[in-house]
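Presented sequentially are two complexes of chain A, the first with chain B as partner and the second with chain C.
Right after this comes the complex of A and B.
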């Protein structure tokens, strides 16, 4: 490791290519924190957006007209507005309507921080697409299969949980993968409300070191690898869920 | 009201059923006693499936009465779960759960609906697999089984709920000719064990062999009915005679 750090320092001194997030322990710390913040933000948003998708698709089939309307309104609103505007809306508009709390220094601060707002905003953003994705999968499950479950006395919940969802899930995995990849990429927007994720930390580093070219190349490659890992994992999962004799 | 088995197990009186403006059943009545096997035959579109599906409330009813073990099905307070515990159904297209193995297909309803012990259910499922002669296929998915094998799993799945009446809606109509017999013999064994059965079928020789009573439907009414020998050899109604002439 030490040799690697030293190599980056020599690289800088001999060629001018400046990679302080390798040789400088302070910048290295920032980069690592940023990386884990991005991973944390992604994983939490992935989780909640899928939950929102599943529950939303369930509510879309509700016998209550108003429940369906609210879900549809939510989908339209979040699909037809820019995610950055959504994020600002939550962070600046909604946040100011909520009560403030006193922090440890006696100052006033918002009850929810930037990270929480990013999670809420991005989960709802990706969730809106997930509802539509899950709905298309649910529609692909034949009525006759559902009927067989009904004839066996399954409740609506059991039908959804044990028949419809598992089948729909397999149908929609490719589309879901796509959306989740998009979500990971969209986490960079959290930069705009100063959540210290990877892009934010990179910006801090290039402000201090004036090495924006190197930092941006590094960012591009890091996201490429990160998303690559996600795609690889999802594809593996797709294959693991494949049922002999079912689906394409 | 208490029901005892000297009363009809299924009693249908003046049943009317419409889909929108289309009246499909125009006053159908029949009684089925415990242990009886009845067959319903008739041209396609005459309402046979609709009739069968009304009995376990997969279709709702506009007018008339269906009593299953003395309980009214045409009742908005009907406990569908109680009804479906008593009435098993097998469909033309098998409608197995494609993401579950043969054994899991059979085990699902007893586990989820009847909340029985897993070990007990598995024992029962293995017995049923044996009963329908599918030993060795326990861990196969529906997509890996032939039509006849799938249909026998569907029969076993229905039997796992320990129903009092079994409904069969053209269960051999989608099968290759060489697999029809394996399904018919499974049904025959059931009938011989004393199961009350209502079958819609086009297999005339089979109907004649196992039925206690045959009903002929045309355009939503029962045109003629009687014991098999009388029905096949001594039909009175010209529509029955014409139909039998085409089929036999």
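Right after this comes the complex of A and C.
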């Protein structure tokens, strides 16, 4: 490992290609922390956005008029506003209205920090799309299947959980895949509210070292690999869930 | 083929000759200023109290006053041209202004572009702005605490690595002030000269600039490259400013505590 760090330093000295996130221990630490922050933020947001999508799609078909209206209002609000504006709104507007807590050094700090707001904002943002994606899947399940289940005495929740959703899931996977890829890329916006994810750290490193080109190339490749892993996993899952004769 | 080439060569030679003859013909900028009757100076218009606008829109502050001294010495009127950090050197290069006094940090690469005059007329460094209730005394007090900064500022790394602060960096100062007020960070690490101006405002009465300033970097005023006569005149002006305590007096007038740099220079030239 030491040899690799040293190689980056030699590379800089001999060719001018400057990769301080390899040879400089402080920059390396920042970059690694940033990478894991991006992974953490992505995984948590992926999880919550899918949960929001599943619950939202169920509530959207609720027999209660107001439940449907609230869900639709939520979708319109989060789908029709830019995610960066949402982040700023939560962090600078909502956060100041909430009660504060005293921290260990005697200051008053907001009850929720930048990371939490990023999770909330991005999950709801991607969740709004997911609700619509799941709805498209649910509507693709034939009425006759639902009617058969009703005839057998299944409750509404039961039908959704055990019949509609598993079938719908297979239909929605390509669209869901798309949205989740978008979500991972959207996590970069969290740098605006000072969540130290990868782009935030890279920005600081290229400002300190004036190696914008190298950092840009590195960022592009890293996100390409990161999203590539997600897409690979989703495609594998899609194939594993495939029911011969259903859907396509 | 050969004809075209020779034509090009001829043009190049002609242009070169033109450039050569143009050089001695170029009048000295001091003569230009006197002939014109106006000295055009690039100053900041958004950096209180070094260069900002009063309620009527006129540009005032420490640097405009220094510029006025130069105009008085030349016996001409003054015209302030507001600039920002990203265009100030270009204004001077293109001859839109004769002189630039615009809070510019003196750096070797900048000396290649414009003619920075020695000695430096001013200096600023890095400090924090924090609520008085924390009672910070030394940089190490920031260890483990969230400290706001501007994304890309060079002192973020130092504050994070050497003093162990957790840097919370935003795009601009407006976001930082909001975050500082909201308690997302305990302090704001930035230029001490900016803090001085901010702390003047009633909003920030409970805040202070408590630490010793670090990374003190000198500011340079500049003339266009090659203007040796004007350069020499400015050199004498700056020495005079330091000698007579003009800078110290201006600091006091505009509500800035006397900076160690200005005091040292005063002592050195007295």
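Worth pointing out:
We take it that the second predicted complex is superposed on the first by the 248 of 248 C-alpha atoms of A that agree within 3 Å, B and C clash if a C-alpha of one lies under 4 Å from a C-alpha of the other, contacts with A are read in each partner's own complex, and residues count from 1 in each chain.
The rule is short, and it goes like this: a contact is a pair of C-beta atoms (placed from the backbone, for glycine too) under 8 Å apart; a residue touches a chain by one contact, two chains touch by 3 or more.
Everything numeric here is computed off the predicted structure, so don't read it as measured data.
Superposition of the two complexes onto chain A shows chain B and chain C fitting side by side, with no clash. Of the two partner chains placed around the shared chain by superposition, chain C is the only one that A:207 touches, whereas chain B remains out of contact. Touch criterion not met for A:62: it reaches neither chain B nor chain C.
Once the two complexes are overlaid on the shared chain, A:76 sits clear of chain B and of chain C alike. With both structures placed on the common chain, the touch criterion links A:106 to chain C but leaves chain B unconnected. Legend: residue contacts after superposition of the two complexes on their common chain; A:235 is shown touching neither chain B nor chain C. In the superposition on chain A, A:96 makes contact with chain C only, not with chain B.
Aligning the two complexes via chain A yields an angle of 160° at the C-alpha centre of chain A, spanning the centres of chain B and chain C, rounded to a multiple of 10. After the two structures are overlaid on chain A, the closest C-alpha atoms of chain B and chain C sit 50 Å apart.
In the superposition on chain A, no residue of chain A contacts both chain B and chain C. The part of chain A that touches chain C in the complex is made up of residues 26, 92, 95-96, 100, 105-110, 113-114, 191-194, 200, 203-204, 207-208. The residues of chain C lying in touch with chain A in their complex are 131, 133-134, 145, 148, 151-154, 156-157, 160-161, 167-171, 175, 178-179, 182-184, 186.
Of all residues in chain A, only 142, 144-145, 147-155, 158, 162-163, 166-167, 170, 243-246 touch chain B in the complex they form.
Those residues of chain B that touch chain A in the complex are listed here as 56, 58, 80-81, 84-85, 87-89, 91, 93, 95-99, 108-109, 112-113, 140-144, 154, 157-158, 161.
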